[in-house]
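When the chains are written out, they are named A, B, C and D in that same order, and each has its own residue count from 1.
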Amino acid sequence: MVKAAVLKKPMTEVEIEEFPYPVMEEGSVTLRTIFSEVCGTDVHLMHGRLAEVPYPIIPGHINVGTIEKIAGTVRDMEGRAYQEGEIVTFFDVHETCNECWYCLVAKATTRCPNRKVYGITYSSDSGLLGGWSEVIYLKPGVKIVSLGEDITPEMFIGGGCGLVTSFHAVERSGIKLDDTVVIQGTGPVGLCAVTWSRLAGANKIIAVGAPKLRLDMALKMGADEVIDIEKLDPDDRLSRILDLTSGRGPDVTIECSGNPDAVPEGMQITRDGGTYLIVGQYTNAGDVSFNPHLDINKKHLTILGCWGFDFSHINKAINMLKRHKDNFPWEQLISKKYSLESINAALKAVEKHEVIKAVVEPNKK
Amino acid sequence: MVKAAVLKKPMTEVEIEEFPYPVMEEGSVTLRTIFSEVCGTDVHLMHGRLAEVPYPIIPGHINVGTIEKIAGTVRDMEGRAYQEGEIVTFFDVHETCNECWYCLVAKATTRCPNRKVYGITYSSDSGLLGGWSEVIYLKPGVKIVSLGEDITPEMFIGGGCGLVTSFHAVERSGIKLDDTVVIQGTGPVGLCAVTWSRLAGANKIIAVGAPKLRLDMALKMGADEVIDIEKLDPDDRLSRILDLTSGRGPDVTIECSGNPDAVPEGMQITRDGGTYLIVGQYTNAGDVSFNPHLDINKKHLTILGCWGFDFSHINKAINMLKRHKDNFPWEQLISKKYSLESINAALKAVEKHEVIKAVVEPNKK
Amino acid sequence: MVKAAVLKKPMTEVEIEEFPYPVMEEGSVTLRTIFSEVCGTDVHLMHGRLAEVPYPIIPGHINVGTIEKIAGTVRDMEGRAYQEGEIVTFFDVHETCNECWYCLVAKATTRCPNRKVYGITYSSDSGLLGGWSEVIYLKPGVKIVSLGEDITPEMFIGGGCGLVTSFHAVERSGIKLDDTVVIQGTGPVGLCAVTWSRLAGANKIIAVGAPKLRLDMALKMGADEVIDIEKLDPDDRLSRILDLTSGRGPDVTIECSGNPDAVPEGMQITRDGGTYLIVGQYTNAGDVSFNPHLDINKKHLTILGCWGFDFSHINKAINMLKRHKDNFPWEQLISKKYSLESINAALKAVEKHEVIKAVVEPNKK
Amino acid sequence: MVKAAVLKKPMTEVEIEEFPYPVMEEGSVTLRTIFSEVCGTDVHLMHGRLAEVPYPIIPGHINVGTIEKIAGTVRDMEGRAYQEGEIVTFFDVHETCNECWYCLVAKATTRCPNRKVYGITYSSDSGLLGGWSEVIYLKPGVKIVSLGEDITPEMFIGGGCGLVTSFHAVERSGIKLDDTVVIQGTGPVGLCAVTWSRLAGANKIIAVGAPKLRLDMALKMGADEVIDIEKLDPDDRLSRILDLTSGRGPDVTIECSGNPDAVPEGMQITRDGGTYLIVGQYTNAGDVSFNPHLDINKKHLTILGCWGFDFSHINKAINMLKRHKDNFPWEQLISKKYSLESINAALKAVEKHEVIKAVVEPNKK
């Protein structure tokens, strides 16, 4: 039997249940979970803020595990067969259909209506399809990526989905050599966005967030300057940023905060003709007011919404993590590790922003 | 002596004054004005809604005239010398400095802080630097464009600054072959945006505006469908647009309305992963509320502010006007021609949206 | 029994053979062929110039037919079920794998090594997988596009694969409003490239080719000027093009000729900082010499190779064909229709450039 | 009096001559030269390989000096007045006209036909307008950039024009996070291209060149792998590169070699759908043969010529040099410093590739 944490419905505590070991289809794989992240999205799942979630579910969409069983032969993109015992992660989103208008014509696979997401869109009635479980069942076709021997599971799960989400965001932002960049928000998405911006060629990088623990981490992840939102109000933040950017504002601002108020502030911060990328508004936290003339039209601004990521981003993010494993303290993004039994405490810690990244270790006794 | 219409300060009537004929510097040109447009910006000037305007001014930023005198030799881009008697227009914005960070590094000349604009940023104390005048003085270096013999002054002034502003907007929007396009607003900017979208390869084009006079004109300018905002409320407009676009919304939406409420509506209309270009918010008409999660982030939207135009746009717009002079009723955008003496009536007609485009003929008796 | 034309090996005549009616898998469709094109690629197949072709084959990669049987329910992108009797085409390239590095990371599906192409990569031992056949078997997953009632089979097959290949080329070339364009080559690819360039916003379009029949057709398809390569040598062609383009050359040149010598000529023709797209070099016709300093580096040229097309291109090309069905003489690209029995004559006519487009009608008696 | 080195005509030795101190126009500046580079272009000038050079000339287009005199007030982009004693460089190309079609419409200022270049397009009859001189006269309007106190003159002149040329090349190449990059050529352009590629987000970087001295330098400048062209022939180089790139070739190849044979090799090396940027072919070194089908069309390749640089590139390159001054051994690119009197020996050393970068110190006794 396999133990897994089940969220039966919104606003309830997660409970541990036992499931039979998966019956494996040809081409499927089982993972013995090493880490599964507890992220802001899981708090939203608990609050019932996401649409069309088929509760009860086993949460946990970003995971690292050891391959336990392989039904037949499963190969990577290059044709190499996966082996039992390999440490891997996998792309939580699968079954982008390659049949619909979004996949085929718009080539916008993150908007494919047929996407399925581990830990979010599967009911626990369908099996072990979430990471808060001792064992995860990878259906045939799920894209697996080997972590190899260069990086530890901690290095990858430290950023977790923030690592890959922010990779997509920075890629889409089009940061160029010598760009000045402001990052709004210092959670895992924002902290990783600092690093990807640095690696993408930014010159000065300014991180705006709180509390001090996270701002210190931002400096370690590559920021040149930090601004504490608990100490400076919006007007003073704008002044400070203008002082740091020759009076013009940054070339690129990346929103990773989740706070709607950050959005008009980001428009105002960014220089005329600059780029503002919005990636942090993953759940509906309400409306906000702005001025279309001053904040967009007259500024000749480019604003980019950025949703999810595709397989190329997870692949590239891990390649770059391997390349720069010694250059940034990736694993220090993990604030605390939890057992499966203490998962409700983990959720609370995430909700209260007491941790940067919390992870659960379902097989740790 | 030269008669010109002067706006002495906001909220007053425009008055006719007499000025001496310009003393000409080497490289300058004088135009005998044929048409000067009366546009929404002039209404805003009258209301004092633009910042840092050095009243008294002679309004009129887009003009067509006959070259009357040339001080020395003045050449076009290709090296041809202009001749007295030629019918020309000129680029109202000049003295983009080619010295500042926006000109040299950002290559965003429409945001150059040193720009000067005929009819807006010059006091009438500095001379005949606006179009509501029998004669316009073109300082050395002002970029002149010949209309040639293929097109009439009416064809160009019909769209006027809307012709070129919308050209920039459609170019920046990146419309591609087979894109579905919604145009919000059916003033001169919106109507010309319909045509440029058609010429840029759009398939279905839907114009949203009012009243019927303008919607009929939209159909003549290339729209396939029109939606009357006086007959359908926002929800019904969205339903109608979804019906016309396979349930997804258009690939590209271009805002040309000037109404802040159009902006969140435009975000909602546009398909996931599509592009929303905002060009109509030329003056500060107040704030508006939107939902960053639903309207931008989850939609993976690209939003582009578009400010002004540069010389390339006026050059290309006129080239294309010459090419397609017989394909669209450009000159029908002129609703009414006014004498210099009836300029206050023209301003009122523009303010009340009674006309699509009003023009003044300073030399018409 | 079904009659089909089989090319048993290179440098032999095509022979008519009989095959049993397909045994249909769930999700498959059979077409009663209306038209199949005979294109330059088929001449190359006959000469054995393509690598790894599994002779014997049934050629014919672009086809129009009537749905005869459907095994189960087969739906289009929008979820509508196809019906027997519908007139459709289909995407000859299928099984882009959505599993390999090119599909997933590079997002360059036209370079997916696992692609299969009707009429080229299938042996006739595998069934009716080419268009020179009374019936074509569409495997499950083959992408079907309905022609609808607005356009005739002739309108689509007139351009055939050239229609879609050139659509991809023009889309990739990034032609913008008012660009001057030169098209090298006046076969079906070049002639359709003229039209797509016109629809994409080009101003002056110059077609370079021969003989007069095709140049006349270029004018009908939207060219402003034609240059006969049988009358002007390369130096005179360059002079003529410079005369037509203010001495600078075109903004965009699109190579559709298949002649290696056209390539350095195209580099030289294109203006400094312009774009040169190469789509016509579909088979290896040998090497050619050029000067990297003068022809590329000093010109600051952008050169784009363009291979094949994906489903988005066939979908969009047909949408635009429907929109502009009355604006260009699409069906006049068909020079001659052949019966299945006279297919060898069709091949010869294509090889000798006696026709613009030859099509075969397998069910015509 | 001021001593300067004059090249009277091609194929002669450079001679030292004396000139009067410049008579200064309002807005001009004189520099006391610290370093002027001796680059491959100077060898070409000596051989008479550049067109329309007004011999006699004072060579030396990239220079660092101390501001000696300022006629009036000269300000930087941000409005700060330059001071005597500041250590600066300047943009050798000036008088891009902001009047011609290339400047205004194509926005391709590096192809402006009115450009003037210090050390190349000025006769010594016109004054001290080249860097191989104790004093350089900066005409009014020449763009000056302060090196500030963070970097030494050696750090900038080490890369010299290669530093900025390669910056433009890497910017134009569009390198993205995790791209694999091959650099062909290990002169100053190639070595700096390695560093800019690293800073722009490349993952694996492979430098191809010779001799060992330069390959060792490539490793210090950020390359992961080097390939010695004196040890491996083209076939073996291709094999080695495929081995290092999962059998596909790099995403981006940048040609910095100046050898025409490198160009078809670069096309072949680059992966299908990849980008090949050609920046090294600055002088006409003859023709070369390639296969348009195999090398461009079938590969779906993007090939980018890259000519010169504009002010944005020198500005950004120096900003990034300041940011990363401690991360790469910029100043080690200088192999040898020469006095003005030994300038002919410097030219010979550059011609024979005995040095990476040679610089002249006109004021060093």
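Assume a contact is a pair of C-beta atoms (placed from the backbone, for glycine too) under 8 Å apart; a residue touches a chain by one contact, two chains touch by 3 or more.
For clarity, every value in this text was computed on a predicted model and none was experimentally measured.
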B-C compared against A-B, more contacting pairs: A-B
Chain pair among C-D, A-D or B-D whose interface repeats that of A-C, sharing over half of the contact pairs by residue number: B-D
Rounded Å distance, chain A centre to chain B centre (Cα mean): 43
Computed distance of Cα centres, chain C from chain B, in Å: 41
For chain A, residues contacting two or more additional chains: 78, 101, 106, 246, 316
Touch-based graph of the chains, sorted into line, ring, star, complete or other: complete
Interfacial residue positions of chain B with respect to chain A in the complex: 101-102, 106, 108, 110-111, 246, 248, 251, 260, 263, 271-273, 278-294, 296-307
Contact set on chain B toward chain D in their complex: 77-78, 98-101, 104-105, 107, 143, 310-312, 315-316
Interfacial residue positions of chain C with respect to chain B in the complex: 78, 167, 170-171, 176-178, 196, 199-201, 203-204, 246, 316-317, 319-320, 323
